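Structure first, commentary second.
Here the chain labels run A, B, C and D in written order, and each chain numbers its own residues starting at 1.
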Amino acid sequence: MALTREQMAQRVAQEIQDGSYVNLGIGIPTLVANYIPDGIEVMLQSENGLLGMGRYPYEDEVDADMINAGKETVTAIDGAAIFDSAESFAMIRGGHVDLTVLGAFEVDVNGNIASWMIPGKLIKGMGGAMDLVAGAENIICTMTHASKHGESKLLSQCELPLTGAGCIRRVLTDLAFLEIKDGAFHLLERAPGVSVEDISRLTAGKLIIPDHVPEMQLDA
Amino acid sequence: MAGFNKVVTSYADAMAGLKDGMTVIAGGFGLCGIPENLIQEIKRLAVTDLTVVSNNCGVDGFGLGVLLEDRQIKTMIASYVGENALFEQQMLSGELEVILTPQGTLAEKMRAGGAGIPAFFTATGYGTPIGEGKEVREFDGRPYILEEAIKGDFAIVKAWKADRYGNVVYRHTARNFNPLAATAGKITVVEVEELVEPGELDPADVHTPGIYVDRVILGKFEKRIEKRTVRTR
Amino acid sequence: MAGFNKVVTSYADAMAGLKDGMTVIAGGFGLCGIPENLIQEIKRLAVTDLTVVSNNCGVDGFGLGVLLEDRQIKTMIASYVGENALFEQQMLSGELEVILTPQGTLAEKMRAGGAGIPAFFTATGYGTPIGEGKEVREFDGRPYILEEAIKGDFAIVKAWKADRYGNVVYRHTARNFNPLAATAGKITVVEVEELVEPGELDPADVHTPGIYVDRVILGKFEKRIEKRTVRTR
Amino acid sequence: MALTREQMAQRVAQEIQDGSYVNLGIGIPTLVANYIPDGIEVMLQSENGLLGMGRYPYEDEVDADMINAGKETVTAIDGAAIFDSAESFAMIRGGHVDLTVLGAFEVDVNGNIASWMIPGKLIKGMGGAMDLVAGAENIICTMTHASKHGESKLLSQCELPLTGAGCIRRVLTDLAFLEIKDGAFHLLERAPGVSVEDISRLTAGKLIIPDHVPEMQLDA
């Protein structure tokens, strides 16, 4: 079975290391925060200028001046820091964020990512995505493995305009967890009940399949 | 009154000198920390052919969105503009020129404009449409593109508190692009929720030193919330 | 203990990993806001061939000056070095390489190093010996030179207060180069006068967010004054 | 009579405008603060990170963490701001300081200034001087008109290594107040009792002398 959005978030959360600074993009990446294991302390960076993003506010805590990069009302944890956008992207561009999780339309075997623009459709802008992919050493891309029409999004070469070149190393799809290196996708894990053949069929870029491909371990 | 009283008492005075064709840099992220009333004053002034530099362009009927209604903006430099139907319409019709700029590059361009740095190299946007036509250079084996600074004829800024010297503090994440905008305007106008006496702000906690600020005005703010996300007890 | 306790309890732990030939960026201006004890620990470690980046090089017997006694510094990058007889001697004898860098350019190089900006243009130094051999480019009809970022293997920083996350505030003008140094070290070590609990520092007033800081240590400081100028009542 | 250091500071102080941000270099420029007229409000910028520098402290106010760019203990006025060195030089380089006053070894008819290095003598470094001369629109250079041996310091072309190129517009010496434009020194005022002939003799660079050269007006 393909992973649900929640399961994808859960699997990504397993990759988060204790004491790390993490930027979570909009969509599935945002859900990751709900699955960070007990005993793991993580500092969430929100690129509008907040390090130490906390939970959503209770109704009586809502403050128009306290939002995250998704423009949602949030709170700050004890030990948070707030700063301007230049400082925020100094952190990001300067490689100080340990892990970035973001969505994509396409990735390819050379680690290119396309996530912001579909020619012919309305262009909304890249926001901070180009800075995030250029700055983070460690990025996990979350996306569905293929379109609803069965077209692979893991390609030999991205067809859409890029968000960043050669910057993605790990991809978590609804079907598989993969590493990108040496010009290929390397299959690390498969979603429970998903066959290597299904993954192979839906991966357009070169796919390296090891002898044994374990199933992901997910709670519940 | 001595020369350091930067407080003005009318929005007309606050935006005096704004003319057709000028460049206006605005603080704010989404609808958070936007200079609501200074924007309204620009609408009232009915100046046109503006180049507006801001991370976003407000929403229909609020924030910078109101400047679209009478087609006052000729060129918009922003990182994300997806919240605004009128914007889409004018962009698609070609009435509005849009220069999309990565958020971090936009912030750095404003800072550079204020800091006397005419251009800088960044990895952001290399290999993407944003890098096309820009100089590429390798440092330590990695390619970077050259980006130029942005300066404005006016910078419009929303802050929390200011004193008459123009020393400013921002509240929570309403800081965002405001301190950067403040440095990059030939004339920088700050609207605040509270005026304080010199000495009330701890010098170590001033976010924007008064040297960057030309005019201060006390305002009232709606502070509209874009996405009210709450948890229940 | 969870991963965010950056507090170490010995200076040996604070500087663990420092090796011969490394680059160390130090905060401080004159003797104000210098990481006194971290410098002493570098002396104790007896590492050599260091490249040290700091606005000044201390005085004879105090601050970075102590690293000259055993010839631990190979290259010094600084803007002003006139307070130190041993420095003069080693510079004149050629034992010590000195790369003089304008103060603002030095600050901006550190910031750039931390901010992922590999190089930037500045008017400072154009037409002077500092500009020789550097690329010149005109922007808006004015010539600028290209300057490259500086990064350190270690950054050593003196601050006032820190929490276990490494969030830092500085006291008065002891801030100076410290926040910039803090961003530019692969390993950034901050020594402080006071440790506080997370939440005690107002998030809006944190000068160096913890993301830049690797280790925090509580120290005792002499805080020597270089020029005691007073008025009488 | 040639001006004393105090008189030079006094004359420079007359040029300071109400509500201006001023950076005063070490030496004679520092003395200028003592002569700012009543009713003129000035904010002094000290490039180590202080805007709103105040008087020297009383003995019981001395604080090692509160110094100026000359490393002297100082105080901050109400309404001061303190910031890091990058922010301080952003102000300077970005042209936000209204007036900079600094000393020099030599200036020339093209506005070049040499103030930091004498070959063969020990080099102490330029500190913030190169940034200040590159950043300020408005600079007054204070210096003696000639060396003790009678050699002019106002030259056709600086002989010492430059601090900045084409950046000086006004020079206040112990003999005269001059403007630099169109490749010449323009004599604006002469020190009380100093003759135009003396000034002319000690000015090596091209000197434009108007029909009438007023004496400086100095108090006391």
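Definition applied: a residue touches a chain if its C-beta (ideal position, glycine included) is under 8 Å from a C-beta of that chain, and two chains touch if they have at least 3 such contacts.
For each chain, UniProt lists the protein as follows: A, D = CoA transferase subunit B.
Everything numeric in this text was worked out from a predicted model, so none of it was measured.
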Original post:
Which chains contact both chain A and chain C?
Top reply: B
**OP:** Provide the C-alpha centroid distance between chain A and chain D, rounded to the nearest whole angstrom.
**Re:** 55
Original post:
Roughly how many whole angstrom separate the Cα centroids of chain A and chain B?
Top reply: 29
**OP:** Report, in whole Å, the distance between the mean C-alpha point of chain B and the mean C-alpha point of chain C.
**Re:** 32
Subject >> Where chain C touches two or more other chains at once, by residue number >> reply: 108, 111, 115-117, 122-123, 170-172, 175, 203-204, 207
Subject >> Residue list for chain D, restricted to those that touch at least two other chains >> reply: 50, 76, 82-83, 89, 92-93, 134-135
Subject >> Touch-based graph of the chains, sorted into line, ring, star, complete or other >> reply: other
Subject >> Chain-chain contacts as defined at top >> reply: A-B, A-C, B-C, B-D, C-D
**OP:** Can you check the complex and tell me which residues of chain A touch chain C?
**Re:** 17-21, 39-41, 43, 45, 50-52, 76-83, 87, 89-97, 134-135
Subject >> Parts of chain C lying in touch with chain D, wherever the complex brings them together >> reply: 29-33, 55, 78-82, 88, 91-92, 98, 100, 102-108, 110-111, 122-130, 170-180, 207, 223-233
**OP:** Provide the residue numbers of chain D that touch chain C in the complex, in ascending order.
**Re:** 46-50, 55-59, 62-68, 70-74, 76, 82-86, 88-89, 92-93, 112, 117, 122-131, 134-135, 161-166
**OP:** Quick one: which bits of chain C touch chain B in the complex? Just the residue numbers, please.
**Re:** 108, 112, 115-123, 137, 139-140, 142, 144, 148, 169-172, 175, 202-205, 207
Original post:
Can you name the residues of chain C that touch chain A in the complex?
Top reply: 2-4, 111, 113-117, 163-165, 167, 183, 197-199, 201, 203-204, 206, 209-212
